[in-house]
Amino acid sequence: MKRVGVFLCWCGSNIAGTVDVGKVAEQARRLPGVVHVEENKYTCSEPGQAAIVKAIKDQRLDRVVVASCSPRLHEATFRRTVESAGLNPYFFEMANVREHCSWIHTDKETATPKAFDLVRMAVAKALRNEALTRGSITIEKRALVIGAGIAGIQAALDIADAGHEVILLEREPTIGGRMAQLDKTFPTLDCSQCILTPKMVDAAKHPNITLYTWSELEKVAGYIGNFTVTIRRKARGVDETLCTGCGVCQSKCPVKVPSEFDEGMGMRKAIYSPFPQAVPNRPVMDRANCTFFKTGKCKICERFCEAKAIRFDQEDSLIEVKVGAIVTATGFDLFKVEKYGEYGYGLYPDVINSLQFERLVNASGPTDGKIKKPSDHEIPKSVAFVLCVGSRDEQKGTTYCSRACCMYSIKHAIQFRDKVKDGRAYVFYMDIRTPGKSYEEFYKRAAVDYGVEFIRGRPSKIFSRNGKLVLKAEDTLLGRPIEVEVEMVVLAPAMLARNDAAKIAQTMSISYDGYGFLNEAHPKLRPVETNTAGIFLAGVCQGPKDIPDTVAQASAAASKVIGLLSHEQMATEPMIARVSEALCSGCLWCKPICPYQAIEAKTITEKIQGKVVSREVAAVNSGLCQGCGACTVACRDGAMNISGFTNDQLLAEVDELLGASRPACAAE
Amino acid sequence: MAQSPVPKATRLVKKAGLGAWLTALAADNNVMAPVTVDGKPLFRWIGAGEVGQLDLAAVHTVNSPKGGVMPQTEPMLTYSAVQDGSGGKTLDIKPAAEDRPAVLFGVRPCDAAAIDLVGKVYLTGEFTDEQYQARRDRTTVVAIACAAPAKACFCTSFDLSPGAVRGADVVLYGRSGPGSVAEGDAYYAIAYTERGEAFLGGAAAKAAGVSDLPAGEADKLEKIVAAFRGLATPLGKKLGKVDVADKLESLFESAYWEKVSSRCLSCATCTFVCPTCYCFGVADTGAGGQGVRFRYWDFCKSPQFMLMAGGHDPRPAKKNRTRQRFLHKLNYHHNRCGEYLCVGCGRCVESCPVGLHLPLVVSDVRGLQP
Amino acid sequence: MATSQEPVIVGFLCNWCSYAGADSAGTGRMVQPTNVRIIRVPCSGRVNPRFILRAFQRGADGVLVSGCHPNDCHYSTGNFFARRRLLLLKRYLEYLGIEPARFETHWVSASEGQKWAEVVRSMAERVKALGPSPKLPSLL
Amino acid sequence: MPKSLALDPKKMKEAEAALRTQAAKLLSEGTVTVFLGHEEGWDGLPVPFFATTPEEAKRLVWNPLVAFNLAKYLLDRLTGEEKVGIVVNGCGSLALDRLLKDRRFPRERLFVVGIPCTGLLDPDKVLALPDEARQAALEGGKAEPGLFLKRCGWCDAPNPVVADVVLGEKVPEEAGPQQYPRVEEIEKMSPAERAAHFKTLYEKCIRCFACRNVCPACSCRECSLDQWEPLWLGKATVPSEQLMYHFIRAFDVAGRCIRCGECERVCSVGVPLMELNDKLMKDITELFGVQRPHVPADVEPLGQWTEGDADLEAAH
Amino acid sequence: MSGQSVRYSYYPGCSLHSTAREYNVSVRAVAQAAGVELVEVPDWNCCGATSAHATDPFLAFALPARVLLQAEESGLDILAPCAACYGRLMTAKEEAHRRPDLVARFEKAIGRKLGPAPRILNVLEFLAEPKVTETIAAGLKRPLTDLKVAPYYGCLLVRPSKVTHFDDAERPTSMDKILASVGATPVDFPGKTECCGASLGISRVDLVVELSGRIVQQAKHAGAEAIAVACPLCQTNLDGRQGTAAAKLGEAFGLPIYYITELVALALGVAPGRLGLGKHLTNSLALLRQKKLA
């Protein structure tokens, strides 16, 4: 007879506030197989876990049920606890009475019986839990980093420095990402390019790093330790091996289009490198704008290319790489400030966004670092910086704070005051948020040393009057409406998830939140892992953050990858499909259903009525099987099962829930 | 044939009164009777509202009335976990609730005999099945003599007849003798047991207009009963008296079993329609510390019937299982109890989808070389 | 048995999307009716129609299967198989006399706590309106 | 699809002679060691018969009453090496094909004798006829449509789809979408009426499993419904379990049922089992465009999907 | 004019039957010119603007809901030219989805079921309907060439945007486009969506004078010769407060305030005399004569 221990967690008042834990305990004592019931304030705490270990030993428990939070949170924790007491970790089962009960109900009268139901079901399942053993798989000692902004570069360098191969993927022509567009970084005001470009060069030259720019993620198959990734190398129009990066092609190209890198503040050619320090220093051909592709004539670039590297007929190619781990560092998009009709972006040329300002103030930017108004190329004498355009605005933008805008707008104001000594800088803000090392000091310096004028109020309207831009707002500190006249306005847009974040997430089978930011496995305890083992997150793709945080997260993700790749083998989850050969009729209808091609026919020999006969049965490749269970439904014999989610276990849960004792707790 | 049974009471009941009788009986008894559902005659428990479906025309219901004393599924006990005084738990076990008294009405003489025959298994020897005993003790069997035996009938191949009394408390004989009972006609209702006597004198019988025999009909009655008992059965005539018990002693290893069993479907049709098959299995059903233990009909033709934990099966093939079924009926039981475990109802003949039945085996066995 | 109490809806939720979505609803304290009892399965493709038949047999007032959105399956195709099987099953159940509102299938992602809460609320309402599920005689 | 049913006893007689010759030849030449066919049973009805010698082959019959599908008997011979001969008509070959597609018997151990079919009569109904009418039906071919097996009414595969040799000429086929009038009638009922309908007709079941054992789509080594762990099906014969047995089984053979109707025919208590099988087949055709699988596809209807499958969520 | 007539349910509300009769006239004139039939909602009632909606949430729902119910039978889309009426109807439509409690109380009170609400059009949406745009495109009888008009949207047509789902609440352009389509020159000005003071005109005249005055002032400074409106109360405030505002802001305006429908009707050839332009307080005929449009 199995001996089940049931541990009911109060989770402080999180559970006990809505569920009468004592009553559930009293009822649970009656359940078949249950020999021990115990309540804990916090079962996941050290004493809570110790109590489990003690009870396993004292009560000779062979099954453990914890009724607490979601198994997605603490199942692994408790499995380790149970294992430390010498029990097979898969003898553990969990009832989710917090997320699925106490947190979503308010009435103790109905929440308590429901909690008991959940406990009963878990006990019924636990009674059928079997000892499972983890298998092992060989790890492909190579990592893929998707996105070569500062996060991707940092992660790639860290992993490569640890001695592992890295494939660094970037869809733009150059690595560098958003940071390459920036001028200076807060709060130290060191030059963004000066600290970034050496890293870009390091990444390009590192013997362990293979760089694929102008390339996109096509498909991800496989699983932790054994991913097979398909990469689309977009046609560059240039033979990278022949090209010397001399730049003649771009200087000769007759086509001029607004530069994406300069956020439309400057122009580029139809064959171009986004900026002089681009890595690799190889141009790409923009076929949509190229005269040859539009009209069939031109080819000037080809004529001038001494290296004979121009390739008009180049096509996209697909390559397949095997990697053991993936770091996703796909970055962010900016909120389209046009959505604020009242701010006149697009109507008034001198209303620009912050990234455009970065390009204006950047020494290598289109104005050589001179802050000039787009309308008349005059230097503005007054600039207003408007914060939270799209951030913290449920009506038009997003609910969250974009975290970096306060700081970079203060930086912008300082830069403006630095360059235009007699200029006036206004910052319109809701709250100034400076939670970072030396951030608050930076803010103080802006106000005190640079005379930046901070106005607490969100402009309700920007309009033009007598050639000036007027910001209408309420100064909420003074409690009265104001109008401020300036020559230029800089809007600080919210940071958004990439518009194709969902697609990226689906390609990799990882989850994303309502905004499109990729989900970490746990917001506090597993911040760089995803719910798909072997895939990690770095940078703003996970949520808005500034450069220091991004780099820290990138190194964290890298260390996770290094840890993973430092092993030759890794343990695999045993909760995968298995075949009862005795029951299997060998029809193999399970085979076409398996998404991992993990099922094959296998010939077995056995004695049937005294005769040795051989017959075919289905066999599961434990390295390939991921445990989805689709095959089990196709199996009429009932021969196919998923360990940990067997037919017997799932039916037991249904039966227990709906069986004779359903009203047991409710009836009282 | 055994000595003629002695009537304890004789009454007359009009055919038109049967409905009222059953309705009155249903008030205090569980009543089982032949009814027709969607074209198929079946023996079923009927409520007062279903009396109108009574159908005595078919000689054979598809199933036999054995479920009246051996329900196909019968709760044996219920259990529930309760807390004991010391915070632990203990099992509270209760025997299954007792049913009301039962009347099996319109039972054919073969089926009535089968009840008696099977009863010997459950009630004699070292063990008595108390639950079966209790059920028998509260059951009255009202048989009806067969006016026109069916094509597959062969009760006469044993010590039985269309007018036999064995196992019945009361037998109804058509007043006009073998042949159909017309509307307006009546039955002689003859009690052969004390229970039957009481039954005919009971309130329900009175309500149904069960009356004393008109004076001077005793002679006629005797003749008519004799006519029923002397009636031949079509298959019985063909088969003659079953006489293979001894011969089968030497045929255990015969190749015949392999041959005859090869077309068996391994289904339970023969077993479940047979009035004399009595094997059962026991199972529990329950959840959350409460449940029911029950027994249910099992069948020896099933590949699971003898399968043991660990996978060993003493009767691994259809050959073994088919042999078992027929040897049980024709040899083993005969050796133990001195009679065949068959009453010649002919249901296996009618129901087996592949024509594999007892008369066939009897006739084949006669032709086999020992 | 089911008559005297709140209807019970058995929910089969895939571990990766819907179970996590229900967790999200919990984390977000999105108050829901107490009718649903969740059984965790690896994938909606793991849900054998027999489980659903069993639940109705045992007197469930409703059954709810929820998985990842089509094309979002953690196992890439499990929910497509589920969709086909359950679509057929839904019509079958209806044919067997089980009101259509008693069986629903939804796609709820890990982030859609709000949607999950709404699914629970609306289904509970519909099932309540139907009253208890008819249960055939059984030993229990 | 109401079919014009016309029995041809003369043709069958010829086929019978050819069958005996063919089977005797196969047995004498050692091509097969056993030949699966029918012989005349005790009461004159054909019963399944397994001839092992040329002599026995003479007992083989082929007449309007050979209703029984023989394919399932192959499972009994699964473990040997012997080669097996079998006679099939159209529907018999569908059953055979079902087993082959389910990999339940190796094609190379089979020798299939096919006979094109002009329709079969329901043995129970024929047996109940007065002698003259019976004679007229069996020998003269004069049979009312009601006397035929139900499956003949919707048959669109009178010619064997699997055969090594075909005896007799091909019969013209009447193709057309399958019709399901019985299902449509039930669909018109209210949910409560349907529930009552199935309860009344299905609780009659005595759980003899004849329907399963005869079904060519049910060929598991050990039926999951017989297993104890998990207990897919309770052992108690209560309405809840009786109905569940049939509901589960029908869904298990959904898309695999060949519409032979043998389950319904062998049921001793007359449970109209095809009401479930037909409903599922009808829906599979409607929902997924898969027709009754004459030659079952290499992938089952429920073992595949398309992006275009109806969105379940929207179905509510 | 091509095609057969199209029908709309028409909900004039109290203003168009009283203070804003000329608005009613011009809406109907445009409709007639476009071959559109307006079917007045039978037995309509107050939309609940201002008094009801500020005091009683149920009444605020029930009044417009009843209007919707009355209109339901015709099965037609509803045109509500008054911006306040439009706002109330749209709010009721939105609440009917969100507040089953209100619906239930309403249905109980009125003894009828509330069906799904029809499409509700404000006057700018109406002027963008195919029939009207086709008519305009088919040829203007009197294009408003050289007429510089500031489109003034006020608040209720575009706000709250989650109720109205109409245009960009902060930078609307629908009226600009209509003006351009009839040959006028739309003048962008910062006051487009500012508040005119609305019904505070009764209790806080000083505020209304300032608010309305600034709007007129901004329009004038932006180079407008006239202002187009789509709301009776906006028209009243901008039109009637110009005198007082001039004194307060130290600047004379004299900007005629037209209903957008008046301008469209003029362009479609409706005689100015038929439009009741004389009802406006600021002379609105002089400008037209000056531009040879009247």
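All chains are identified by letter, namely A, B, C, D and E, in their written order; residue positions are counted from 1 within each chain.
Here is the rule we go by: a contact is a pair of C-beta atoms (placed from the backbone, for glycine too) under 8 Å apart; a residue touches a chain by one contact, two chains touch by 3 or more.
These numbers come from a predicted model, not from an experiment.
Under the contact definition stated at the top, no chain borders both chain A and chain E. Ranked by C-beta contact pairs, the top pair of chains is A-C.
When you average the Cα atoms of each chain and compare centres, the chain farthest from chain A turns out to be B. Taking the mean of C-alpha positions as each chain's centre, the chain lying farthest from the centre of chain D is E. Averaging Cα coordinates per chain and for the whole protein, the chain whose average falls nearest the overall one is C. In terms of their C-alpha centroids, the spacing between chain A and chain D amounts to 56 Å. Centre-to-centre separation between chain A and chain B, using Cα means, comes to 72 Å.
Rounded to whole angstrom, the centroid-to-centroid distance between chain B and chain E, based on C-alpha atoms, equals 90 Å.
Averaging C-alpha coordinates per chain places the centre of chain A 29 Å away from that of chain C. Across the assembly, chain B contributes 73, 285-287, 291, 294 as residues in contact with two or more other chains. Within chain C, contacts with two or more other chains are made by residues 49, 54, 77, 81, 85, 139-140. Multi-chain contact residues, meaning those touching two or more other chains, occur in chain D at positions 222, 232, 234, 236, 238, 302-304.
Touching pairs of chains, sorted by label, consist of A-B, A-C, A-D, A-E, B-C, B-D, C-D. Across the complex, chain B meets chain A through its residues 80-83, 87-89, 286-291, 311, 316-317.
Per the touch definition, chain E reaches chain A in the complex via residues 161-162, 168-172, 188-190, 193, 221. Only residues 73, 75, 285-287, 291-292, 294 of chain B touch chain C when the two sit together in their complex.
Residue ranges on chain A touching chain B, taken from their complex, read 29-32, 120, 124, 582, 609, 655-656, 658-662, 664. Taken in their complex, chain C has these residues touching chain B: 139-140.
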